[in-house]
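Okay, so chain A shows up in both of these, paired with chain B first and chain C after.
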Partner chain A sequence: MLRGYVLLFLAFLYAPILLLPVFAFNDGTAIAFPLNGFTTRWFAEMTQSRELHAALLNSLMVAAAASVLAVLLGLAAARANVRYRFPGKAAAMGLVMLPLVLPEIIVATSLLVVIVQFLEWPLTLWTVTAAHVLICTPFAVAILNASFQALDPAMEEASIDLGESRASTFRLITLPLVMPGIVAALLISFTISLDEFIIAFFLTGSDPTLPVYIWSLLRFPKLLPIIMALGTILVILSILILTLAEWNRRRGLARAGVKDTGGFL
Partner chain B sequence: MQDPRRGLTLVAPPLGYAVALLAGPLLAIFLFSFWTQDYLTIDRTPTLANYREVLSDPIYRTIMARSLWISGAVTIITVVLAFPVAYYISFRVRADRKSLWLFLVTIPFWTSYLLRIFLWKVILGYNGVMNSGLMGLGLVDEPLTALLYNANAVVITLSHAFAPFAILPIFVALEKIDRALLEAARDLGESAVTTFFRVTLPLAMPGVVAALLIVFIPTVGDYVTPAQVGGPGGLMIANMIQTQFLGLNNAPMGATLAVVAMVLVTIISLAIVWLARRLAGGRR
Partner chain C sequence: MNDSSGTTHAGSDPLIRLGGVDKHFGDYHALRGIDLDIRAGEFFSLLGPSGCGKTTLLRVIAGFEDVSEGTVTLDGRDMKGVSANKRPTNMVFQSYAIFPHLSVAQNVGFGLRKLDGTKAEKAARVAGALEMVGLAGYGARAAHALSGGQRQRVALARALVLRPKVLLLDEPLSALDKKMREQMQVELIRLQRQVGITFILVTHDQEEALVMSDRIAVMFEGEIVQVAEAEALYRRPASRRVAEFIGVMNFLPASVTGDTVSVAGLGEMRIDALQSTARSDGDPVAGFRPETATLLFPGQDAPDRVAEGTVQEVVYYGDMTYYDVVLDNAEMPVRISMRNVFGRPVLEIGTRTRLAWSPGAITLFR
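Let's look at the complex of A and B:
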């Protein structure tokens, strides 16, 4: 009975996503039943839209920059958290992790107030990137915490005892061992930034990111099938990225010789 | 290796970033909420006028109450629906299959949030999947209009969006339970049902509390779902904040609403934690 319930729950969880390809290949502009016939024309039209390409490029740039910066900050925070004791540690880590439990609208509005009202800076893709770094960092810290915890400190000590400097120990011993965690954190941060809407909606200037562009399209029913086609591709892409992240994480755990205890979070 | 100075140097960049882009702006929005909009300019004389308006104007009170009510319903529904799933993965699934199951549960969460919510519109809409299905089965004669553009649609859609957030913390708490305790309870004459309620559930409480918070806090501030499926009767506080900032051009009022929402969320979250501690203490 429990198994039946769980399968039903999975069906509920996957129901919306399974509809994406249905309408992406449906020959008709209405996103409703009954279906009309099979077509690939929405995918063809998708490749024609210049605005869509611009928005996608914006999103990719923002996500690339935000994920790299978030992982760099995450590396420092996770390393400090796992390896060192220092005054004010709980408060410092609490503030770094705070965006995880703060409604995104609060992050968005508070940054908007500072940028527009206090600093009077223009809103650009950089403002979006800066905010995305802030919300991606806690995820990077969470993943890298696990990587650093799985790392045996004796390996670094042995390296230093054998005459390596701190810097070369980090490069030759620590970095390769936490590399799978770094890759996973990069992929997760990239995915979060790519999909983030509300902060980008508030902080975007004249160049929309992909979610902001999709949002503007939701009001024009004619273009919706193109969005369905795009969505189908995005879903496949994120499943690929996540599979890669998961495969990487497991490889990392296997390399560090730790038992697998679960998923990303 | 325990040098505090090294730790401080390491934590300085991420901490500095969080102070500059989070603590600072939060302080700024707090300050800003005491100013007022005077047509095109901002009047910087500190005043409680915005707060007075938020507390007295029925529009704000209705929307605030509705946000809390919707989030509360979403939180309880999500956690109740998620618990059996987490239980199944932790207790029934073979150890080497567990991470695959967690992966299966989290995948929908990583796919475009906007599109998932839009697709709920497709499911619940007039010509939607639900109505086509019900009509096809002959259960209704004409499409139901009560499915979309109201608070219920917001509750359904948000419960779907936050399901993985509830499953993961409960799963972690269940994994930590020493299985020997359950055997001991059975050996001492408890039935399967009483073992669950007297041993498993109390030990899983930390995970349940984490799940309650992790669903409740972000849903209060959700913008997209109420805007897409809520209709006029399903709008929530984030929609009001957005209107103040980008539509009505009354940024100080938007800031006040954000501060009030933040304070309410904090109070309720602390109450949940306190209540859970009391309950846990009472059982010991």
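Let's look at the complex of A and C:
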């Protein structure tokens, strides 16, 4: 009974995603059964689209910048959270983590209003990047919190006791020991930014990110199989990156000889 | 003893002097008016139950905590404003804090990085330190692959390689099993004699403190209540609380009239014949250690005075037997430890017995 429920649950979650590769390799423009035969021409056509290449490049740039910034902010927040006690800490951390649960459409709308109405900035990839930092930072903080919690405070004290300064201690001891967490946070932030649609859709100017570009293709039914092919590649890429992030995190924990206390997978 | 001739640590000036040290953590008063002198070359222990402030005091000396009030003088220098990385102290942490991403040699050589000297000289110092703690040839090993005992040795080598004036040890043996702990106690004593560095050990284990230390400071609730050598601490505790914390002591109700005291189950004796008197913080009681009295077996004579009683409980330890004996005219039993002798039977519960004791082993707490 319980086993049946789990299977049903997993099927409900993943069956739609499994349809992606099915139609990506289907020789026909209609997304419907029965299938017409096997082809790789959608993948071939995909590589010919210059707009798609531009959108992919935009997404990669935004994801790279957003993940690096989110992890830098996350490092500071997580270290402060784990190592120090200060008034208003719980409230501050709560606000940092809040974008995890805020409806993205609300975040996107309010950001659009602020940027266009008050700041009067043009909508560019920079505005998208800034917004993506906002939604990636909570994930980075969550992962890095676990990393800092697993780090014995005596490690840093031992380094200082042996004559190093606070700065050199951070470089020689803290950073190497939380590095697996940093890498995991980078990879997960990168994936989130790469896949994010709503905020990018609201804040993109003339340069669309990949998800926004895909959405614009939906108006042309003829191009749907190309989206299926692209989607197939994106899903595989995301799973690969997440697996890599988790593998790296666990390896780091094992190396430091500490117990696994968290993580997303 | 205190000559102020200007020369530092010339035997008379202490290496460490704490004067009126207070430490507050918010509302919590962790250290209360600590005055303490520690001499150069001493193996000194801070002993007390958890939460008594002993670790805080160690961290004050190391420079990890500022004092709220008072002074810390180390080797004649006021340590105010001197941060932990500039102090001539090194610490062995309770968790050992071995850097897991470095090799054993890199761990031990960590503090040497900034010092002058060639690579070869430093490598030789690292090798020497590893040899001293019995880990010669372990330098290339990964630190995360070491056992608990080996980690502790690496932590010791890493601290001692810098030749600090003071080595601070924060409950260094508490993570080891009993056998390993006893072995490391002996090794630490040997090591301390070999290097001649002042060791300050924090421990909650009174036996460990007695075994290892030249002098012991007993702490309760942020205060030092007694500083003494091991034997003096055991024989002449300053208060009933210290006596209860250090080893086992039997307490019997006592009443004082003039210069004599009447003890339940033992009878009357002159106060000046007792071993010592101390603070009771309550009703007067007389106390004696389990090994200072003996049960007499049939045919044995008493060297001093004799009391009679009944065996209530027998605890057999192999080499020792503990007897709980209720003395006539006393309510609570007293515990007597007897070394087991080949051919002598262990007494049974309910046996009437005679107890040989001496006023010279009794401390009056009043």
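Heads up, the rule we're going with is that the second predicted complex is superposed on the first by the 261 of 265 C-alpha atoms of A that agree within 3 Å, B and C clash if a C-alpha of one lies under 4 Å from a C-alpha of the other, contacts with A are read in each partner's own complex, and residues count from 1 in each chain.
Basically, a residue touches a chain if its C-beta (ideal position, glycine included) is under 8 Å from a C-beta of that chain, and two chains touch if they have at least 3 such contacts.
Being a predicted model, the structure only gives us computed values, none of them experimental.
After superposition on chain A, the partners chain B and chain C are seen to fit next to each other with no clash. When both complexes are overlaid on chain A, the residue A:L177 reaches chain C alone and has no touch with chain B.
Residue contacts after overlaying the shared chain place A:L112 against chain B, while chain C stays out of touching range. By the touch criterion stated above, A:A146 is placed in contact with neither chain B nor chain C.
Looking at the superposition, the partner that touches the larger set of chain A residues, chain B or chain C, turns out to be B.
Looking at the shared chain after the overlay, A:I17 reaches chain B, while chain C stays out of its contact range. In the superposition on chain A, A:A130 makes contact with chain B only, while chain C stays out of contact range. The least CA distance from chain B to chain C in the superposed model is 7 Å. Shared contact residues of chain A with chain B and chain C: 157. Considering their complex, residues 2-3, 5-6, 9-10, 12-17, 19-20, 23, 30-34, 72-74, 76-77, 79-81, 83-87, 89, 92-93, 95-96, 98-99, 101-107, 109-114, 116-118, 130-131, 133-134, 137, 141, 153, 157, 191, 195, 197-198, 201-202, 211, 214-215, 218, 227, 231, 234-235, 238-239, 242, 246, 250, 260-265 of chain A touch chain B.
Residues of chain B that touch chain A in their complex: 1-8, 10-15, 17-19, 21-26, 28-29, 32, 42, 81, 84-85, 87-89, 92, 98-99, 102-108, 110-116, 118-120, 122-123, 125-129, 132, 160, 163-164, 168, 171-172, 175, 213-214, 217-218, 220-224, 228, 238, 241-242, 245-246, 251, 254-255, 258, 261-262, 265. Interface residues of chain C, counted against chain A in their complex, comprise 62, 64, 83-86, 89-91, 93-95, 97, 99-101, 110-111, 113-115, 144, 158-159, 162. Chain A meets chain C in the complex at residues 152, 154-155, 157-165, 173, 176-177, 255-257.
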